[in-house]
Structures are given as structure tokens and as C-alpha cells.
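Across the two complexes that follow, chain A remains constant while its partner is chain B and subsequently chain C.
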Partner chain A sequence: MPSQNHLPSREEVSAWLAERVARHARLRPQDVEADRPLTDYGLDSVSVFVLCGEFEDRHRVQVEPTSVWEHPTVRTLTDLLMESVAARDTLPSGTSGGDL
Partner chain B sequence: MDSAQLRVFHRIFGFSHVRLAPGASQADLMVAAVSALPSFPEVRHRVKYVIQARTMPTAFPYPLNPLHEACGRLGLDHAVAFTVTEHACAGGLLGVHLCGEMLATDGDPDALGLVLTGEKIFTRVAKRVPGSSINGEGTAAALVSAAEQGRDRILAYASRAYPQFHGGEEVERATAEFQQVYPEALAEILTEVAAKAGMDLADVDFILPHNVAKVSWQRLCKQLGYPADRVFLDNIPITGHCFSADGFAAYRALVDNGRLKPGQHYIMATAGLGATFAATLVRH
Partner chain C sequence: MALVACADPVDATGDTVFTYAELDTEARRVAAGLQRELAPGSRVLVRAEGAEFVRGFLGCLYAGMVAVPLPPISDNRRHRERMAAVVADTQADVVLVSAEDRQRIADRTRDTGLEAARPLALTEMELPAAEDWKDPSAGTSDIAFIQYTSGSTSRPKGVPVSHGNILGNAAHSMRMTGATRADRWGGWLPMHHDFGLVYQLLTPLVMGASTALMDASAFLRRPYSWLRLIHRCGITVSGGPNFAYDLCCRTVTDEQMAGVDLSSWSSAVNGSEPISAAVMARFAERFAPFGLRPAAMTAGYGLAEGTVCVTLSPPRVPPTVTRVDAVRLSRDEFVPVGPDAGVEARMLVGCGPAHTDEFDLRIVDPASLRVRADGEVGEIWLRGPSVVQGYWQREEESRESFDATTAEGEGGFLRTGDLGVVHEGQLYITGRIKEVLVVNGRNLYPHDIEEVARESHPALSTGVGAAFTAFSLDGAEQVVLVHEYQSTDRGETALAEAVSRIRARVAAEFAVALPGVILVRRGQVRRTSSGKIQRAGTRQAWLEGALRVLHQDLSEPLTRLLARHRTASEPGEMTRR
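Up next is the complex of A and B:
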């Protein structure tokens, strides 16, 4: 598990997300297509919020929950998660994780 | 539901407690709701129609009929009583509209309609709407008049059906599509009912929503530019989603805590699986 102070790169986030989606869908990570809707892999909104919550805990970030639906693929959800990483420095000190 | 999913329902969707009534029958719940209407004993004889709005279309084996049982216990045997089902959780608003239309057609200014919302949960499927809500058994009753009586006047009602989402397996297959349609359809019904009343949505003081994931309402408000703090979400952690009773319970809470003032406007808005989107705009 990475240090919570580690700022993940876009490639790391995308790979982590693909691995989680693959695990959910019982596929190999390389079989997860970046632009295919997550719903095609059987992830409903709750499952996506669970993933975002796990990401928040791992990296001490806050993912904007109202934006999750507007990011329906691995590629776009990676965008959203990277936005939360970029905003991490603006969190109040002592904040641990987000709302998800 | 595992702990991670439970965390989402609690922290993101806003659910905490649900109101259940173990030991109380469907008829008990309806009688209790009507008994909480202060004016009911004085107007009982004027009630011409009783409409139960039900999400679960078949809940009782023949010959059990909780609606007729409740009518009997309430002294409403003289009334015409029936159930509406096909609008699911939007049935309560349909019931109010239907009562108003029938009473207006009849032309008797003293006649009243009685709408009953909320229901018992008998099956595992009925306990929650996947990805959306955890359900409760809160029940509400409303008296309807076609004459200008009472303190709330309905200015407009709007309803749209999306029958492609009807049916069990179809609903499962259509979940992704439904998630896509849902915010657009809800936004459309809100703006449509406001336009029907000759108002802008921005001038509506409150939205009384169905108690589904609060984040979905926050997202809708962001899209519409409507202030999220004017959507009454306070009941979500208290009652859960009580089928078509949510809007009526929200009304009661807003009146009881003094937030809804005379002359203010509110929209009761809801979606019923199957799928129907409905909204009623009211002046208090």
C-alpha cells in the first residue's frame, strides 16, 4: 500500500482503477477498456462511490461526489480522481480522507 | 450490503434511520395517518373518494383488502375507494391530481377526496431501491378539494412516463440507461411544472423531494442552478424513502418547523420506477 503522502501519477491512478474494475468484473486489467462505460463492467453508482471512497482513504483526498456521474469511464474517472489529487494541498491540515 | 456500500449509503446518500412499523398492518398505518388530520372528524361525511397510491401493485392476497378495511374503520364506507399503482412512487401526486379532476367534474363544492400514501414493506426487494434508497413505512394522508378551500392551492401538475423502463428484467438491463435519463427527466418535469404554473423554477421557494440519494439531488441542483438548500433533504436520515409519502411528510415537517410561510410556493417532485416522473406546484 502506498504512503498517504505519495502523490500518484495519472498512470498509477489509471492502472489502479483498471485493476479494481477488472476485479469487480472478473477480468484481466488489460481487458478493461479506458473509454467503455463502467456500467458495462457491472459497476453501478454505489460501486463507483465505493471505489472513490477507497481512493480517498489511500491518498487523503476528497472526490467531489456530485461529479462522479459525469465521469462514467476509467479514463474520465481518472480525470476526476487526478483533480482530487491536485486539490489535496488545499485540504485543511489534519484532514483524513473525504466524504466518500 | 457490505461495510463499504453501507458507508456510501450513509455518508453520500444521507441515509441513517428508516421508520418501520413492526406489528402494524397496512390498514393500521392508513388509519393512523388519517387520524392525524385534525379536521377529519368534521369532514368525514364529505369524503367522496378515497385513493390509495401504492408502489407495490399486488401486496395482499384476495380477499384481503386493507384499503376497504381502513375505510370501514374510519367510517368511510360511503366513499368510492380504489388504488392507483402504475405510477409507483409518483402515485401520490397522481392521486391528488385525480381527486381534484374527479371532484371538479362532479361539481359538488363540498365534496372531498382523501389520498393515502406510504405502505408496508413485505419483501426483500421492497426494502431498498438499488443504488438509490433504503425504504421505510412512513404513511401520509391528504384531503383534497376542488373548491378553493384549505391553505394550500395546487397551481400545476406535470407527469411524464418512460415505459421503456417498465418490468423486472427490463429494469435491470436498463439501469445504466435509467441513470442517464433520470436527471434529465427530473429536471424537465421540474421546469415543466413551473412553466405550467406561469413561474420560473428559481422563484419556487422549496422542492419537496422523494427521499433518494441526497447526492443525486445536489447534482441536479448544480445542473439546474437551483439552490440545494431549498431542497428539503432533512427527512432522508430520519424516515428513509417512504414510497409516495415522502413529499407529504416533507410538507408536514416544513409546516411544523415554521419554514413554509403563507404565500410561498413549493414543488413536490418524485420519480416512480417503471418509470414515471411527476411534480406538483403548490402555493401555501
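Up next is the complex of A and C:
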């Protein structure tokens, strides 16, 4: 479990996302294509909520599940997640989802 | 104690606790405030969560007004369209909101229809004293709230639930659950859905028990938080749709369960979408090390038109699971088979006693309207005090659905549109004739999905499609779309690209996956002579291999289902009882 304040690299976020999508679709992470729509891998609204929750717990940021549908590939969603992590430290403390 | 509203399911410091006396005072004050502004019987939209929702909702009931719970305001265009249609259908001119929701509503009501309604923020209204409240002397047949879970995006159907429906169904649920006033209810189910509003909130309140509420989005983001809430509040009765149990099995880790004890949980109800025996067994096994008792697992059947709860499997024993021939079941035949029968079986979960004091139930042949015998599949018809009067201001549809008469001449039945069978006294749900698709506890309408699919790709724009669900062999409901494809480019790449575009568009609009997409030649989607799409007919043709398929892309469970059907459809397999 990375520390909440650790600033992840783009590669880390992208690899984590591919791993989560692969687990959902029962594929190997290397078989998840960065530019393929996540819906091709069977992601639905519930799995997207869980994905957001996991990312929030790891990186102390809030991600709106609805915004995922505007960034529906591993590559574009990585961009979105990187932006929210970058914006994290400008947020007042206590606005993000809690960790366990 | 009556109610705990949990801002954070895993942390007690965010809890707001109400005793019955406090809830009563709050409801009187909100009601008195409403009575200053509106006439009895007015519809009042309620858009809030947790404690604010409960205050607003109970205030409407105390005021003799009709509450209309609304889902959260979404950025999704379809959700906004639907909300606008609901607001218009109720002709409400006031929306009760929490202070937090007020600004959000001011910013985001565009296209939701809410801009026409006057927002009243509970915390900003100068509420009168509880003594100013005037008892509207509501009777049992007066409408308490309208539930909107039926109907398509553009044409939602409201289910008006009376005070009498609530009282009767709450007592029925308590009897079926075996719960007492000492029980603690609770969970994450949303209040704009009957399972949340009636089963999780109103039933325990009516019966003098207590309930603990958390937000649905907290559960969806962190499924373990539901289980931690149960532990933290000592909850005994908590339920959810099948997908919630599946989600916990798939995502909750042992670390997240550290220190969690589920031994208080005596009734874990699985209801409101098709129940998978495999999921129930997996859940019981997964969480047994954390104190979950197998006997807590409970299977239920219900619907908003019947207030909420029709039947529940008996308390203190695990539900009965019956093994039936899967292929015969797809032809609406219920044939129990032994484990050695050598046929593909489906495990059906018994939902409890078919015949209860609250519901007079018949299984009826949907074509001939003849009552069917035990062991025969047919449409479930219900009558009794929990069945609502009809749809809100839809006379014709109400007559068709709520005043059906059997061929034998018994009248006044609700046609549920669900298929079931009575076997050894228990009700089993086997399928559905109404055209709604149930995905993660949410109702979707085939017409809506077909429309979006048609717009997603030029090769689909001149053809028609049929969306339906198929039950995989483990009982999970999978959405399938068969669509006509017209283009000179029928290469694999082009076809696969079309499938991908359909999936992306449907997901963007409805946030659901399409596990099965089948592209067919023109004229392959089955239609009546008047051009009406025959979804069940198209499904049957697909399963039997009678469609001329250009390309299909199926999830693994659907691939298995199809393979099983094709082998079973070989001649010589049709042996009748």
C-alpha cells in the first residue's frame, strides 16, 4: 500500500489501472490496450464506482464516477487521475474520502 | 433510538442519532412549515440524503402531502431527462432539499425540470414550532408517496403507495423476517427505491425498531463499508440486490475485514433482482470466518406495485435451492433434476411461502389466463392490502395491470409481469414477460437501449434492434443486444469496431455493460406484422441458432449458455413429462 501523500508517476497509475481492468475482464494486464474503450472490457457503473473508491483510498483524492465515462480508455483515464492527484495538494485537508 | 444517519459508515463521529420523540418533533415542524405553504394532497419532491431525507419525507407524511423521493441529480443526460419526466408527471411545484443540495440544485437543475419547482431548504426554512402542526387526519387509503421505478426514460410510471399499504406491508415484512422491536435494521439502499425507502427505513420505523442509514455511493465506492457498518451498529436486518453480494465477494479483502464481526446479522436479504444461488453460497462462505451465519442468508421477492415485500424465505434457515433442468427452464418448464441427471442444471433459490395472509397469489398462463397448477410456470398475479391502487394518473395502464381477471373469473389481480412457479409451497422466480431489464438493481427499458445503439453507428441507423436479457447458467442476468447491420463493409475489423462503438455509447448513456452484442442481417430481428419488435422471439431465435449472424461478441457466461442450448436443441432431446 503506497503512502497517501506519495505522488505517483504516470506509469504507476497507468499500470495500476491496467491491472484493475485486467482483473475485471479476467485478462493479463499486458493484454489491456491503452486506447481501447473500457466498455470493451465489460466495465459498468458499479465497477467504475469501485475503481474510483480504490483510487481515492490509495491517493487521497476524490474522483467522480460520472467523469470516468468522459475518459473511457486506460490512457485518457490515466490523464484524468493524474490531474486529480496533481490538484490534490491544493485541496483543503479533510475533503477527500477516508482511508481505512 | 429510532434512526442513526451515518455520514461515514466506518466512523461513529459522523453519526446523527434520533429518538422517536425527536423524529416526531422534527416531522411536526417540517409538516407545519409545509402546511403554511401548500394544500393537503400536494406533491412534494424530496431530494436529500440521510437525516435530511428522513426529516423531509416524514414531514410530508405528517402534513398529509404526497412525498416524491428523487434520485441524486446526475450529469448523465438520460438521468436528467428521466427526472424531468418525473417532475412533470407529479406536477409538484416544491422540492424539499438539504442545505448542501440547495446550491447544487441551483447550479445543476438545467434539463431536470427542477427549475420549475421552488426549492425549500429544510435548514433555511424558518420552521414553526411543533405545536403549530395540524393533524391532517390522513386515512389508510390516502397516498403517502409516489415511487418512480417503472416506465421508460420518457414515460415514467409512478406507483402511489398509501398509508395503509405501508402499514400492512411493514407488518408483513416483520412477520416474514421474524424480527421484533429489538432488531436493528440498516444499510446503504437508496431512498428513491422501494427496497431502501420501505424495507430499510419505513418498516423498522413503523414497527418501533431502529435503523442505521449510509449512502449508496459510499457502499459502491467501498463495498466493505457496508459490512463494517453492520458490525459497528450491530445491525441484524440488512439487504441488497444480488449484485451487492457479488460485489462484496469480488472486492472485499481480509485486511478490510480486520476486526469485523458479522454475527449480529440474522437476515441478509437478497432481493429486487434475480438471485444467483452461486452468489449466495459464495457470500456465505466468504464471510463465515467473520461470523456470518449461513442461516442469515434470505431470498426475497417483491416489487414496488406490491409496496415492497411479497415473500421472504423463512428466518433462521438457509434458503431452499432446487436444481432444475436449465434448457427446459428456458422453455418455461420447471423440471427438478438430481445431481446425476446428466443435464445442465440451473440452481433456483426458493423465495419463501407462496401463500401468505398479505398476498393472494396465483400462477396464471399469460396467454389463456387460466390458473396453473403447482409445479407449472406462469405469470405471478397478486391481490391483497399491500397491492397499490394503480399507476399515478394512468387509467388505462392501471386497468390492464391492476385489474386482471383469470379465465376462471377471479378478478382484481395485479399482473406482475414476472414468471414463477409454486413448488412444495415455495415461490420460485423463473423469468419475466415484462420487457424491463434489471441491471445492478436498476430497471432499464429495451427501447431506450435500442435507440442509443441505433444512433451509435451509421451501419445501424437504418435497421432495428432488440435488447433483452438472458440468464447465464449461474443465474446472472446478462443484457444482450441483437441489431441489424447494413454496410458493404462486413470485414471482421469493421464489425468489431461497430460492436465497440455500441458498447461505448450504451455505457456512456446508461452506465451498463453489454455482455452480448450480435450483429445480424437486415430482417433478422423478429417483428410482428405491424412492425413491433419481438424481443422474446428474437432471443429464442438467437438461442436456437435461427438468426443469420454476421458477427457476435459474447461474454464467457453467454458463450457457455449458447453452447448448451445448441446441443440441447438437437432432435430427440424433447421429452415431455
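The working rule: the second predicted complex is superposed on the first by the 91 of 100 C-alpha atoms of A that agree within 3 Å, B and C clash if a C-alpha of one lies under 4 Å from a C-alpha of the other, contacts with A are read in each partner's own complex, and residues count from 1 in each chain.
What we mean here is this: contacts are C-beta pairs under 8 Å (C-beta built on N, C-alpha and C of every residue); 3 or more make two chains touch, one makes a residue touch a chain.
None of these values were measured; they are calculated from a predicted model.
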Can A:56 be said to touch chain B (first), chain C (second), both, or neither? second
Would you check which partner chain A:36 touches, where first means chain B only, second means chain C only, and both and neither mean what they say? second
Considering only touches as defined above, state whether A:19 meets chain B (first), chain C (second), both or neither. neither
Check the contacts made with chain A and report whether chain B or chain C touches more of its residues. C
Quick check on my understanding: which residues of chain A belong to both its chain B contact set and its chain C contact set? 37, 39-40, 44-46, 49-50, 53, 65-66, 69, 100
Which residues of chain C touch chain A once you look at their complex with the stated criterion? 8, 10-11, 74-76, 217, 220-223, 243, 247, 251, 255-256, 439-440, 500, 503-504, 506-508, 511-515, 555-556
Show me the residue ranges of chain A that touch chain C in the complex, using the header's touch definition. 26, 36-40, 42-46, 48-50, 52-53, 56-57, 65-66, 69, 72, 97-98, 100
Chain A residues touching chain B - in the complex, by the definition given at the top: 37, 39-40, 44-46, 49-50, 53-54, 65-69, 99-100
Any idea which chain B residues touch chain A in the complex? 4-5, 7-9, 11-12, 130-131, 175-176, 179, 183, 213, 215, 218-219, 222
